[in-house]
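Note that chain A is present in both complexes that follow, paired respectively with chain B and with chain C.
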Partner chain A sequence: MIEDIGFWFSYLTNGKHLTWYASFQFTIFAALMGGALAVIFGLAGATMKNSRFMPLRLVGSIYSSIVRGVPDVLFFLFFPLAFEQAVEWVVATQVCSPEAIAAQTAAWPPCREANWFLGTTEYLLLASVSLGLVYGAFATNVIHGALRSVPAGQLEAARAYGMSHSQVLWRIHVRQMWVYALPGLSNVWMLIIKATSLLSLLQIADIVLWADRLGAPNFLPAVGLVHEDWRWRYYLVLFVFYILVTWLSEKGFEAIMRRVGKGILSEARA
Partner chain B sequence: MQHASPAPAGSSPVVELRGLHKSFGALEVLKGISFAAREGQVISLIGSSGSGKSTLLRCINMLEIPDRGDVLIDGEAIKLRGTGASRQIADEAQLRRIRSELGMVFQSFNLWAHMTVLQNVMEVPLVVQGRQRDEVEMEARAMLDKVGIGSKTDAYPSQLSGGQQQRAAIARALCINPRVMLFDEPTSALDPELEVEVLRVIKVLADEGRSMVLVTHDMEFARSVSDWVIFLHQGRIEEEGTPDDVFGATKSARLRQFLNAANHT
Partner chain C sequence: MQGFLDDLAIMAPAVMFNIYFAAASIPIGFVLAVFLALGKGSNNPLINRMSRGYIYAFRGSPLFIQFFMFYSLALSLNISVWRPLGISGFVLHPLFIGPMVLILNTAAYTAEIFYGALRAVPRGELEAAKAYGMSPRQQFRRVVWPNLIRLAWPAYTNEVVFLFHATAIVYFALPVVGGQADLMMTAKSLFERDFNAFLHFSVAALYFLLVSLVIFFIFGLIYQRLMRHLPAQPGIRFVPKWMR
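This part shows the complex of A and B:
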């Protein structure tokens, strides 16, 4: 019995498992960073949509309508690659000598000096930006609607007392907007959390990739413990992780709602 | 104080309107309105709904921009450019400065829902006027005491009755040390029993000699509180004068008709 516990403990703390546990940080980082960026893009998009300046309004509307329609998996594949190659192209116009271009045998990049090697950190940042861009389009719509829900009379009062446009926007409009935006933003947040399971698409060794590797059947004693297909057990751990995150998020959103809803929500009375 | 005393010769009126015109689309709401309020004067604007009295009041602080005509506060004209419907504010900084000295009280209170009563009252002095927090807080508490809700400083507007909210809104207007107070039907959204407490506060302010422009449907109150009454009809000043003249010796047939109708409601 004791031996069994000892065996499983050492198995579950072997190098591969520790790497798996560590990879949870990628998922959590991508979710938090993607979520923060989505809110920032959402605020920017919504203010653009509300702008009095036509071209900005157009940009805001195009962003929220087109990006929402693109499948997130596709965008996830497209954006980091497009970004990488765009950077390489710009770098190439600066650093590539004609000889270097002539010497280059591969189709891309134009010369070896222009090659940009992306590691996990870079991919993680690009993944976060992709998440931010895709879900920022949803957040744009949510925030746009929430901004309209703030009672116009309160904004008028702020203007009538001499507040500047930015004071009205930040001290009254955006401050009250959260109450109306939070339910929608919590949906967006849940979608972002789900989308973090796509990180392995960007060659990040994330929790899904490791669960797959560790659970795969092994018949070679030299490689490690011989076992059959255990993937479902590892997937189950991921289920539990995601449910836990969901539960924590709900708690978090409730706390934020209580805070920003003070005086506005009827629950805040008494 | 300077209640009803004539302004010193040469000094400008606190509020002066010169030939204001305003249209909403094809509907001409104001058709050339001029009047001046001296320091300490209480002017009431009366008239049936649609007569343009609220629009006129909202032109004073440019919540509505008049198509033609000028608004002067303490002799300083609010700068506008363009003409007609496309007229706009020419100098935002000037307007913000002038607005921060006009204490507007709205029909629907428009207190900021996410702030406590005390925060509502302190917001403009701190954020727009840039005054010291300690000094502002002391003054804000004094103003809230004055309007009779000194015990509600930490409540949110949604926790107060309509009458209390409107009194908080009056305290908010007072705390900016306004050159003039603008009241836009301050009791229209209130139940009759709550109306009294708000009217009492406004009466006290009038008696202190504060300059005020008041839009009201309450004829009895207009008569008791005003130095000058202006009756608007279809965008024009149909009749104006002291309360005794306007209510006691009515000249215009339209005003007589309006007063009769008002008495019977």
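This part shows the complex of A and C:
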């Protein structure tokens, strides 16, 4: 019995498992960074959608509708690839000699010097930005709606005090908007958490990739414990992990809502 | 331009796989969701707990993980169960297991929508039905269900479009059998050939947008039909948001 516990303890703390536990940092980083960026992009999108300048309004609307109209995976894959190519193209205009371009046989990059190798860090940052871009479009909608729920009297009072348009926006409108936006933003946050499971598509060795590697059947005693296909057990762990994270975030958002919603209309606390 | 037209032609068969996954999972998911929603609204503690737990688990975890989990579970049962029964080729085929996981997933999301609508069914109508002496079955058939489906339909439309978008990740989790590649796989393999990300992914996005518009249109027609007893309502903007 004691040996069994000791055996499983040492199995679950071997190097591969420790790497798996360490890879949770990628998921958590992507979620937090993606969430922060989504709020920033959402604010930018909503202010554009609310702007008095027609083209800006159009940009805001097009951003939120197009990005929400295509699957998140598509944009999640497309943005890092497109960004990488754009950077390589800019670099190529500077460093590539005509001979090097002529010598290049592959379709991309234009010459070998312009190749940009992306490691885990770069991919993680790009993945966070694309999570922010995708879910920023959802946040744009949420924040746009919240901006419209702020009582008009508050804004009129601010205008009556002689505040300029941008002062009204940033001092009164945006600050009062949060209470109305929180329920929607909590939904966006849940979507972001779930989207962090896609990190392995961008060659990041995240929790999903490690679960696959650890659970794969092993027949060589030299490599480690001989076991059959255990992948579903590892995925079950991740399944439970994500449910727990969702549950924790729900509790967190409830607490924030209680705190922020104090003294404000009860209908804001949906 | 020629590349664009070529891509449109190459991806036309690919989009059928996405449509197949969505079309195969929507009807069964719908039926399952009705039972789950009723279960969540039921007074029986066991049924209530189980439906609640199911809905929470499948809404709280990523579809991507669900795909991996169920596929690897099916794989590990292969030698002991599927192979002796002689159905391993069928059970492990993405065209079977893909819709299966999608059904489990969409049932949970749809059940939550239906449960919300169930709670919004006007109490007075239910009380009137009881006063008329309707049996619970009659109450459901004549009062609850017509209200529920009308209340839930707009949100359900969104869920169907989301489900269609979710079909994009099926083949990232399941193996591609032969030439059966969906939009994302086709776009990705085209991209790996000539590294033209902007063209291939845009065409795939265009297909997704187009099908989403068609879904909105069809479901809008159904909504009009459901609401035909009411005078034409100017307030219902069922035009998808990106065309407004």
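Here is the rule we use: the second predicted complex is superposed on the first by the 263 of 270 C-alpha atoms of A that agree within 3 Å, B and C clash if a C-alpha of one lies under 4 Å from a C-alpha of the other, contacts with A are read in each partner's own complex, and residues count from 1 in each chain.
We take it that a residue touches a chain if its C-beta (ideal position, glycine included) is under 8 Å from a C-beta of that chain, and two chains touch if they have at least 3 such contacts.
What you are looking at is a predicted structure, and each value in this text was computed from that prediction instead of being measured.
In the superposed pair of complexes, A:F239 makes contact with chain C only, with no contact to chain B. When the two structures are aligned on the shared chain, A:Q85 is found in touch with chain C, with no touch to chain B.
When the two complexes are overlaid on their common chain A, residue A:L225 makes contact with neither chain B nor chain C.
Look at A:G153: by the touch rule set out above, it reaches chain B but stays clear of chain C.
In the superposed model, A:S164 makes contact with chain B only, not with chain C. The larger set of touched chain A residues comes from C, when the choice is between chain B and chain C.
Legend: residue contacts after superposition of the two complexes on their common chain; A:I172 is shown touching chain B, with no touch to chain C.
Put simply, chain A touches chain B in their complex at residues 151, 153-154, 156-164, 167, 171-172, 175-176, 260, 262-264, 266, 268-269. Chain A meets chain C in the complex at residues 61-62, 64-66, 68-75, 77-78, 81-82, 85, 107-108, 141, 190, 193-198, 201, 208, 211-212, 215, 228-232, 235-236, 238-239, 242-243, 246-247. Contact residues of chain C toward chain A in the complex are 56-57, 59-66, 68-69, 72-73, 75-76, 165-166, 168-169, 172, 184, 187-188, 191, 193-198, 201, 204-205, 208-209, 212, 240-242, 244. In the complex of the two chains, the chain B residues touching chain A come out as 61, 63, 92, 95-102, 104, 106, 108, 110-116, 123-124, 127-128, 156-159, 172, 176.
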